[in-house]
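Before anything else, here is the set of structures, which you'll find just below.
Paired with chain B in one complex and with chain C in the other, chain A is shared by the two complexes that follow.
Let's turn to the complex of A and B:
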C-alpha cells in the first residue's frame, strides 16, 4: 500500500476515526494492529522478519536489563564489604555478560539485514572476480525479497538495544509496546529513525481529540502530498527518461538530469517525511524532524547535519563515537602523537572513523558500488574542506566578503551543485557511467539543444514545466518563511479568509495537478528502497 | 583539575579555560578536539568516556568536563 494511493488515504482516515472513538487506553494497541496490517499489505512474508527483530531485541533487552538490575542490587547489598577493586571485577564480569547479549542481538539482526540486502551484491562481486581470474563466475543469485523498510526499522531497533546496554534507559517490559516502536507504520517506509526514549514519550500515551493536533497534522499531510504527487512524481518522468538513456542524454541533459534529480529527491523525501510526521501529529504523537531546510546549507558537512538528520545522528552516536573513541583508535592516537605530531594524532583517528562511517552510510543506502562511491565522495569532500579550513580563514582575513549576502548565496549554490553532482551516483547504472556522464557536462557542448524543443521530449509538456516552476517557487517561499518559525503557526495567526484560501488552493492543486493517470506511475518513495 | 587544564591548554593555548563555558556552543572545540580530549583523559586519568556522555553539556567548560571525570571515576 503506497502512501500516495487512495487505499492508504482510506486506511488512515478510518484509523483516525477509530483512534478517537475507542477508549484511549487501547489507542496504542490499535496502532500496533494498524501497523501490522499495513506491513501485511506490503507483503505477508515480511511479517516474519519484523517479528524476528522484535522478539530477539525484546529478549536481549530484558536479559541486559535483568543483569543490570541484579548488579545494582548486589552492589547496594554488599556496599560495605566489597573493596573498590572487587567492585570493579564484579562490574566487568556483569558488563561482559551484557555485552554478549548485545553482540548476539546485533549479529542476528544486522545478519538478517546483510543476508537479505547484500547477499546478491556479494555474489555479483564474487562472480566478477571469478571471471576476471578465468573462472566461470556462475554463482546464481538468490531470489530473496527485501522486506519493506528493513534498513530503517533495523537501525531504529538496534539503537534501542545499544541504549539499553549503555544504561540510558530500562528495557521495555511489554513486548507489544516494543513491537509498536519497531513497526510504527508512518515511519516504516522511510523513517525518520526514532529513538525509543524520545518516541515512547507520546507513542504509548492516551491522546484526547485536540483540534490543533488534527488541524496541524492534516495541513502537514496535505503539504507532503503536494510535494510528492505534484512535484516529485511529475519531475520523475523527465528524470527517468534522462538517466535511463545515458547514451542519448549527455552534456547539457546530464546537467538537467542532475538538477532535476536533486529537486525530485528533495520533494520526494521531505514530502514523505511531512506525511509521516503529519499522520503522527493527528494521532497526537511527536516524531522527530528529519530536515532543517537542507538546501540552504553552506557546506557539505552542514548539509549532512540538516538532511536526513535522524540517520546522521544514528551514525554519529552508534558508529562514529564508539569507533573514534575505541581502544584501537586511542592506540593510533598515541602512536601518531608520539612518532609524528599532535596535529596528525588528532586527525588520523577521526579520519579513519569518518571513512568507515561514510563507507557504511553508502552501503546502508544500497547494495551497489554506486552507493559506496557516493558515500566515499561525500567523505572526501568533507575531509578536504576540513583540511582547507586554514586556507579559507586566511582568504577571509584578506578578502572580507564572508558576511555578505552575495557570498552566502554563492556558498549555498555551490553546496547544492556539489551535492547534486555527488548524487549522480544514485541515478546511473554503474560507477563508470556516472563518471562519464559527469565528464560529458564539460566535454559535450549541446547546451543550445535545451532550447530547441528537446526538453519537451522528456515526457513533460509546457504545462508540466509551468507547474514545476510554480512548485519550486512555492517550496522556496515556504523555506524562506520557515526561517521565522513554523509556517503553520504563522498561518494560524492570519485571518480565516486568507488561511482557508491557502488550504483549499493546496488541496485543489493536489487534485488537479497531481501526477496521475496515463504515463504516470504513482510511485514508491525513493528512500523506501534504501 | 590542574592536569585537565594542562590538556585543554595544549589543545588551544589561546583560550582561558577557567573562564570559558561555551566551548562547544561557540565552536571552540571541534570534533577533532573532543576525540583527542577523550583519548588524553583516558591516558591521564585512566577513565573511558562512553559515547553517550559526548554531549555539549559535558564539554562546554573545563568545570563540566571535570565533573564528568569525577562522576565516572566514582562509578568506577
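Let's turn to the complex of A and C:
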C-alpha cells in the first residue's frame, strides 16, 4: 500500500476514527494491528521477516536485561564479600555473556538484511571477477524479494538492542509493544529511524483527542502530499526520461537531470517524512524530525547533519563512535603515531573510521557500486573540506567576505551543486556512465538546446513546468518562513480567513495539480527501496 | 469550543466541500460538442414519463434505432440506455437500475456485447458509467468494469480522474458546468449524413467462438432480472455490418433464446426485410445506421413488439402525446439543423465530426 494511494488514505482515515473511539488503553494495540495489516498489504510473506527481527530482538533484549539485573542483584548482595578485582572479573564475565547475546542478535538480523539485500550484489561481483580471470561466472541470482522497509526497521531495532546492551534503558518486557516499535507503520517504509527511548515516550501512551494535534498533523500530511504528488511525481517524469537515455541526454540535459533529481529527491523524501510525522502527530505520537532545511547548508558536512538526520546520528552513535574507540582502532592509532608525524598519526584512524562509515552508508542505500561510490564521494568531499579548513581560515582572514549574504548564498549554491553532482550516482545505471555524464556537462556544449523546445520532449508540458516552478517557489518560501520557527504555529496565529485560504489552496492544489491517477504512473517514495 | 468557533469551522468545511464539488463539475468532460456518447446515459434521468420499451447495449442500439419513429408509428414509448462499447454487465446493471424507476413492458438487449468477457477500456467505461446516478447498481457496475489501473475512488469522486484536465478547459466546461443541452432523442444519437458501404472488413479468425463465462453469467442474470420484474426480454442483433457477427455466435444465441423462450431477432439477417439500403442508410460505411436506417429499424421492430407483446398505442393520451410532441419537435429540429450543416460545410461540424476527404 503506497502512501500516495487512495487505499492508504482510506486506511489512515479509518484508523484515525477508530483510534479515538476505542478505549485509550487499547490505542497502541490498534496501532500494532494496523501496522501489521499495512505490512501484510506489502506482501504477506514479509511478515515473517519483521516477526523474526522482533522475536530475536525481544529474546536477546530480555536475556541481556536479565543478565544485567542478576549482575546488579549479585553485586548488591555480595557487596561486602567481593574484592574489587573479583567484582571486575564477575562484571567482565557477565558483560561477555551479554555481548554474546548482542552479537548473536546483530548477526542474525544484519544477516537477514545482508542475505535479502546484498546476496545478488555479491553474486554479481563474484561472477564478474570469475569472468575476468577466465571463469564462467555462472552463479545464478537468487530470486529473493526485498521486504519493505527492512533497512529502516533493522537499523531501528539494532539501535534498540545496542542501547539495551549499553544499559541506556531496560529492555521492553511486552513483546507486543516491542513489535509496535519495530513495525510502527508510518515510519516503516522510509524512516525516520527512531530511538526506543524517544518513540516509546508517546507510542504506548494513551492519547486523548486534541484538536491541535489533529489539525497540525493533518496540515503536515497535506504539505507532505503536496511535495510528493505535485512536485516530486511530476518532475519524476522528466528525470526518468533524462536518466534512462544517457546517450541522448548529455551535456546541458545531464545538468538539468542532476538538478531535477535534486528537487525530486528533496520533495519526495521530505514529503514522505512530512506524511509520516503528520500521521504520528494526528495519533498523538511524537516522531523525531529527519530534516532541518538541508538545502540551506553551507557545506556537505553541515548538509549531512541536516539531511536524513536520524540515519546520520545512527551511523554516528552505533558505528562511528564504537569504531573510533574500538581496540582495533586504538592499535591503528598507536601504529600511526609511531610511524607518521603526529598530525597524520591522529588523522589516519579518523579517516579509516570515516571511510568505513561512508562505505556502509552507501551500501545501506543500495546494493550497487553506484551507492558505494556515492558514499565514498561524500566521504572524500567531507575529508578534503576538513583538511582544507586551515586554508579556508587563512583565505577568510585575508578576504573578509565570510559574513556577507552574497558569500553565504554562494556557499549554499555550491553545496547544493556539489551534493547534486554526487547524487548523480543514484541516477545512472552504473559508475562509468555517471562519470561520463558528469564529464559531458563540460564537454558537450548543447546548452542552447534547452531553449529550442527540447525541454518539452521530456514528458512535461509548459503547464507542467509552470506548476513545477510555482511548487518550487512555494517550497522555497516555506523553507524561508521556517527560519522563524514552525510554519504551522505561525499560520495558527493568523486570521481565520488567511489561514483557511492557505489550507484550502494547498489541498486543492494537490487535488488538481497532483500527478496521480489514470495517466500517471503511481510512484513509490524513492527511499522505500532502501 | 464556543458556538461561534464551532460554527466557523462547520462553515469552513462546507465551503471546502462546495469548492471541491464545483471544481469537479468544472473539470468533468461535458461531452456536448465532441464524444457526445458520454452524455447519453445521464439523459435518462431527465425523463418525466415511463416507457414501454427500454433498450440496452452498445452503439448498435443508440445509433440504429429511433425511439421517435417508434412513437410516431406505433405510439410506443421507449428509451435507449445504450453506451459506447457497453459491456453486458453494464447493460445488466443499467437495467437493474432502470427497474427501480419504472417497469417497462419490454427490455431489448443488443447481444453484440456478448463478445466481451473482460473489461475493455477505461475510456469506454467512463462513457457508460460516469453518467449513472450514484446507486448500488452503479458501484456494482464499476466493480465489474474496472481495468487493472482503475480505482473505485476515481468513479465515486470523478475529480480524482479528471483533475488533469485543468490545462485543457474550454469555454464549454464553464458554460455547461451546471446544465447541459440535451443531445440525444431518448438515448438515440442522431446522424443524418451518409457514407455508403464500400468495403467490408474481412472477419478475423478467432481463437474461440464460444462466448465467455462472464458474458453468459450476466445474460442469465438479465433473464432472471426481467422475469422477476415481469418484463419481456428481447435479444436483438442490430443490422450493423461490422464488427462481424459470426455464425457460431448467432447459433449460440439462437439456441439460448430457444432454451429460455426468448424472442431473438437478428436484424442483420433481415436487413432486406427491414428495408435497409446500405448505400443510403449508414453514415459510416455500415458500422452504424443514419437516421434513415434507424427509422426503418424502429418501424420494423416496433411492429414485432406491438404484435408480440400487445404494446399499447399511447398517441391518444394527451399527457404523453404532449411530451412526445415536444420530443418530435426537437428531433425534427435537429434533423433540419444537421441537414443545413451538411449543406453548408459538407460534414457535421457541431458534432466534432472530422471532414471526410472522399
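Note that in this section the second predicted complex is superposed on the first by the 525 of 530 C-alpha atoms of A that agree within 3 Å, B and C clash if a C-alpha of one lies under 4 Å from a C-alpha of the other, contacts with A are read in each partner's own complex, and residues count from 1 in each chain.
By our rule, contacts are C-beta pairs under 8 Å (C-beta built on N, C-alpha and C of every residue); 3 or more make two chains touch, one makes a residue touch a chain.
Since we're looking at a predicted model, the values are computed, not measured.
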| item | value |
| --- | --- |
| Clash or fit, chain B versus chain C on superposed chain A | fit |
| Which superposed partner A:413 touches (first chain B, second chain C, both, neither) | neither |
| Partner chain(s) touched by A:115 [first = chain B, second = chain C, both, neither] | neither |
| First (chain B), second (chain C), both or neither touched by A:317 | first |
| Chain B versus chain C as contact partner of A:168, first or second or both or neither | first |
| Which of chain B and chain C A:469 touches, first, second, both or neither | neither |
| Which of chain B and chain C A:6 touches, first, second, both or neither | second |
| Which of chain B and chain C A:507 touches, first, second, both or neither | second |
| Which superposed partner A:330 touches (first chain B, second chain C, both, neither) | first |
| Lowest inter-chain C-alpha distance for chain C and chain B in the superposed arrangement, angstrom | 44 |
| For the chain A and chain C complex, residues of the former touching the latter | 6, 10, 211, 461, 463, 496, 500, 504, 507-508, 511-514, 516-520 |
| In the complex, chain B residues that touch chain A | 10, 31-33, 35-36, 38-39, 42-43, 48-52, 54, 76 |
| List of chain A residues in touch with chain B within their complex | 84, 88, 163, 166, 168, 317-318, 321-322, 324-325, 329-330, 333-334, 342, 345-347, 349-350 |
| Of chain C, residues touching chain A in the complex | 1, 8, 12, 15-16, 19-20, 23, 27, 122, 149-151, 153-154, 159-161, 163-164, 166-167 |
